[in-house]
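Have a look at these structures, which come just after this line.
In the two assemblies presented below, subunit A is common to both, partnered first by subunit B and then by subunit C.
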Partner chain A sequence: MFKLLPDSPSERITVHVDGQAVSVPPGFTAAAAMLLHGTGSTRTTPVTGEPRAPYCMMGVCFECLLQIDGEPNQQGCLVTVAEGMRIERQLGKRKVDE
Partner chain B sequence: MSAEQEPTFDLAIVGAGPAGMAAAAMAAELKLSTVVLDEQPEPGGQIYRGIERMAASRPRHLEVLGPDYAAGLELTRAFRASAIEYRNGTQVWQAEPAGRIFFRRNGAAGIVRAKKILIAPGAMERPLPVPGWTLPGVLTCGAGQTVLKAHGLAPKGRFVLAGCGPLLLLLAAQLTRCGIKPAAILQTTFNRWAAAPHLPSFLGTPGYLIKGLGLLRELKAAGIPLYANVSQIAIQGETQARAVEFVCNGTTRTIEADTVFLHQGVIPNGNLAWSMNLDHRWDDVQRCYHPKLDAWGRSSNAAVLVAGDAGGIVGAKGAELMGHIAAAAAAVDLGRLGAEQASERTRDARRALNKQRAARPFLDHLYRPEQRWIAPPDADTIVCRCEEVRAGEIRKLVSEQNCPGPNQLKSFVRCGMGPCQGRLCGLTAIELIAETRGVPVSEVGYYRIRPPIKPVTIGDLATLDVPERNDAVHM
Partner chain C sequence: MADFDAIVIGGGLVGTAVAYGIARLGKRPVLLDEGDIAHRASRGNFGLVWVQSKGFGVPEYQRWTRRSSDTWTEFSQELLEETGIGTGHERPGGVTICLSEEELDKRRRLMEQLHIEAGETNFDYEILTHAELKKMLPAIGPDVVGASYTRYDGHANPLYTMRALHAALLKHGGTYVPNARVESIQAAPNHFVINAGGRSFAAPRLVLGAGLGNKALGEMVGLNVPVRPVRGQIIVTERLQPVLPMPTLMMRQTVEGTIMIGESREESGFDDTTSPEIIHTLAQRAVKSFPFLRNVRIVRTWGALRVMAPDGLPIYEQSSEFPGAFVCTCHSGVTLAASHARYYAQYVMDGALPAELARFSTKRFDVQAAA
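== the complex of A and B ==
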């Protein structure tokens, strides 16, 4: 859905989006990484399973909820990426750990 | 270290946008011990988002974004040079006027204490609920600008901007300067006659009109089609935005688009102020609530001040001035600065703020959304994105089940009870209720917003080091 502008710095780090290694500039947020490398939805809603994706990118809409390094319900637009970070789409409701 | 042993700051500032940064710099000048809590990784707020990294690593993009954005560098530098404690990446989930602020940082909860709290959580975009606005590929113009500023990202494929307000044109121009041209701009609202009486005071604020006309000229020169006075916008697509349908001059048109940016002005980002039980008033021109403030930013609670767009939209420059003034007021209230000295030190700032404020009525009237854009006529349009509550459902609950207000709406259909806690549906819900009941919006009230205003896990709470005392036991 999005692309990097030509004058962007060349430094990159590796994160994993749904298990696939992708490279993003340092300083990116997890939601920005999804905009660059994801296609379509980044979660489905708990109510009817509708597809959703980042909407406000500033922390108010909660559409970019992702599972990050195993922890569900993270606001992807507020989490800065780190080398090796595992970012996963969040499908439907979260389950309570047993 | 137990939270009890932490020092009590004179002032805690929530937010590091222009208001929060200016307040912090002034507080430091006035020798107040100050802590700044902000949820973003870097200072600047939304308006100056990513400015430090951009200046350091891709200075050419500063030109693309324009001088108003670059102006934030000076303020950011002053903020960094101030003797204050800055905690970035910190989400405040509860602020008690009595002086305790609860937050989450690096996956753990914490508390800071302060004698005065200055909240500067800024603005958010007014929702523009149209059919299809929840589809992947539909974002706000603010989001488009944020990813451009902070990450150097631009939309791939065809894109359309729809709505109204200065940001709509600004984002279109900024992307065009990068060689990334929108397929079209759809303008919903432009009340030139309602705004005309306010033109003289608008012209008194140098630069605004020239900037606005300049953007229009730039977009026209780039050959970008602008459809004015459009209605019935609907975004089409199954699992992803594919096209935008709209009516212009009686003709229905469809434009293919992979990305759609929506915008219809900004409103105070209000959940923190509401959660602190501050008194609010309805502004019928801006069609939103503002916390009631005195000329210095003091709220209805003696320990709480508000600065910046959260107190009513004033823009970046106005927010900076409000922050400066409110910090002086906090110093006065703490007995650290005489009232007369405060008047003197802030005289220029107060005069400049009045000038910034004088420009608002023109913009507020020009872009005051019509009823159809804030109370969606189409019954199937989603109002509450989190709980998927639709406009028709709300109208029916009000007319058939006598649901009188937004809080009762929660009990009926969970409207406003999802993770965003009503941020994205609050205004739409109250407008729909008021319209259906045939009463003024101010009579309908607003959601009762309770802390935590950000999600907190039981695990987070368990990391809180609170003393073994429970006041409730003694009540």
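== the complex of A and C ==
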């Protein structure tokens, strides 16, 4: 559904979206990487389990919550990608380590 | 002028519970709600339906609280059936966590005393060791020394409860008037005319359920209601998988997964903001009790004002100057919601408060201070 703009820089780094190695421009956000390479919804809500995806892309709506490098409930639109970053969907309520 | 069976002032948990209770009796109440300029304790409270530790030295308060807690399950079920809105009420019992031997000893003495004061009402409690508590709440940390437990405690979502009460009030034919700040009260025995929000309302009964507003309103109908604000601050976390199977005095996990943390009391006048010192103290104690919280995100904090009488008890009274005017005020609008709806509303319509509420009369404030 989403494509890179034609004038995007040609440089690429590798991140893992739901376990799949993909390449994205440096400076991308984790949410943008999800939109480019994910498959539809990027999280399910904690109460009703509804599918959701990034919306405002500017840190306001919290629809882009992702698990990033194992850390749950991160706002994906505020996290810049780094080489080797593991980006996963946030499914429902986060777990806690007791 | 609109005529009703009762006018209730205050659209929060207390006023709405009483108004709903009156409507449920087949009477026609009107609920006057000031608006968002009001202090809105019902929007900021914690949501415990709490029994243990209430009523030390005042067995009447212990019994009244217990009675409400015992009614809550049925009350919540009825609201669900009438409105389709769940209050999130659960009654799994509750604990007060102690972080030192000293705290636990103090707690043990308090619970023993409450047990004695309960008399034939009976008050079952347990003092749990760390190991015993760990079986009930596996997430406790090594700094937890023990806890007190009673099966009477529970919790509910205050906002859903209020929404359900409002919906149930309307369903039973009650009238809700928003933006209705009371401008004047013309009082005569069993006849009250109120101007509010540019309209007039008349009824033979009047209930003051306006929280901190009751002080000024009380003076207009011969009731002395010396309530003052006591601030509480609350921390709210992101939503987590279920990890707290029962509430503690300072912490509860909502059905949606949020953990709420709060136990502070401050004299701050009408300032309902938060302060870093208190939030820090709350967070530290919470992490000591449940170390997993160390890595949990805080999404919000807020402050809210409790409605507190000088002795911390509710105030229930009928005006002797203007019979038919009642005051109903407390700092436990959630815990006592069931009693206010089921019992207090009935007393108001009967026109007399029973002996069991005599301890909560305003007469207790008439004793002169020793020189």
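General remarks:
We take it that the second predicted complex is superposed on the first by the 98 of 98 C-alpha atoms of A that agree within 3 Å, B and C clash if a C-alpha of one lies under 4 Å from a C-alpha of the other, contacts with A are read in each partner's own complex, and residues count from 1 in each chain.
Here is the rule we use: a contact is a pair of C-beta atoms (placed from the backbone, for glycine too) under 8 Å apart; a residue touches a chain by one contact, two chains touch by 3 or more.
Keep in mind that this is a model prediction, so the values were computed, not measured.
When both complexes are superposed on subunit A, subunit B and subunit C end up clashing with one another.
Between subunit B and subunit C, more residues of subunit A are touched by B.
Using the contact criterion defined above for the overlaid structures, shared-chain residue A:Asn73 touches subunit B and also reaches subunit C.
Look at A:Met1: by the touch rule set out above, it reaches subunit B but stays clear of subunit C.
Contact with subunit C, but none with subunit B, is seen for A:Lys93 once the two complexes are overlaid on the shared chain.
By the touch criterion stated above, A:Gly40 is placed in contact with subunit B alone, subunit C being left untouched.
By the touch criterion stated above, A:Glu83 is placed in contact with neither subunit B nor subunit C. When the two structures are aligned on the shared chain, A:Glu63 is found in touch with subunit B, with no touch to subunit C. When both complexes are overlaid on chain A, the residue A:Pro51 reaches subunit B alone and has no touch with subunit C. Superposing on chain A, the segment of subunit B with clashing C-alpha atoms against subunit C, chosen from 127-135, 235-243, 361-369 or 397-405, turns out to be 397-405. Shared interface residues of subunit A (contacting subunit B in one complex, subunit C in the other): 47, 73. Residues 1-5, 7-9, 25, 27-29, 32, 35-36, 40-42, 45, 47-48, 50-63, 65, 71, 73, 78, 80 of subunit A touch subunit B in their complex. Interface residues of subunit C facing subunit A in the complex, by the touch rule stated above, are 138-139, 238-241, 243, 256-257, 292, 295-297.
By the touch criterion given at the top, residues 39-41, 46, 50, 53, 57-58, 60-61, 89, 91, 107, 124-125, 134-140, 142-143, 146-148, 150-157, 178, 239-240, 258-259, 269, 385-388, 418-420, 423-424, 455 of subunit B touch subunit A in their complex.
Across the interface of their complex, subunit C is touched by residues 46-47, 73, 92-98 of subunit A.
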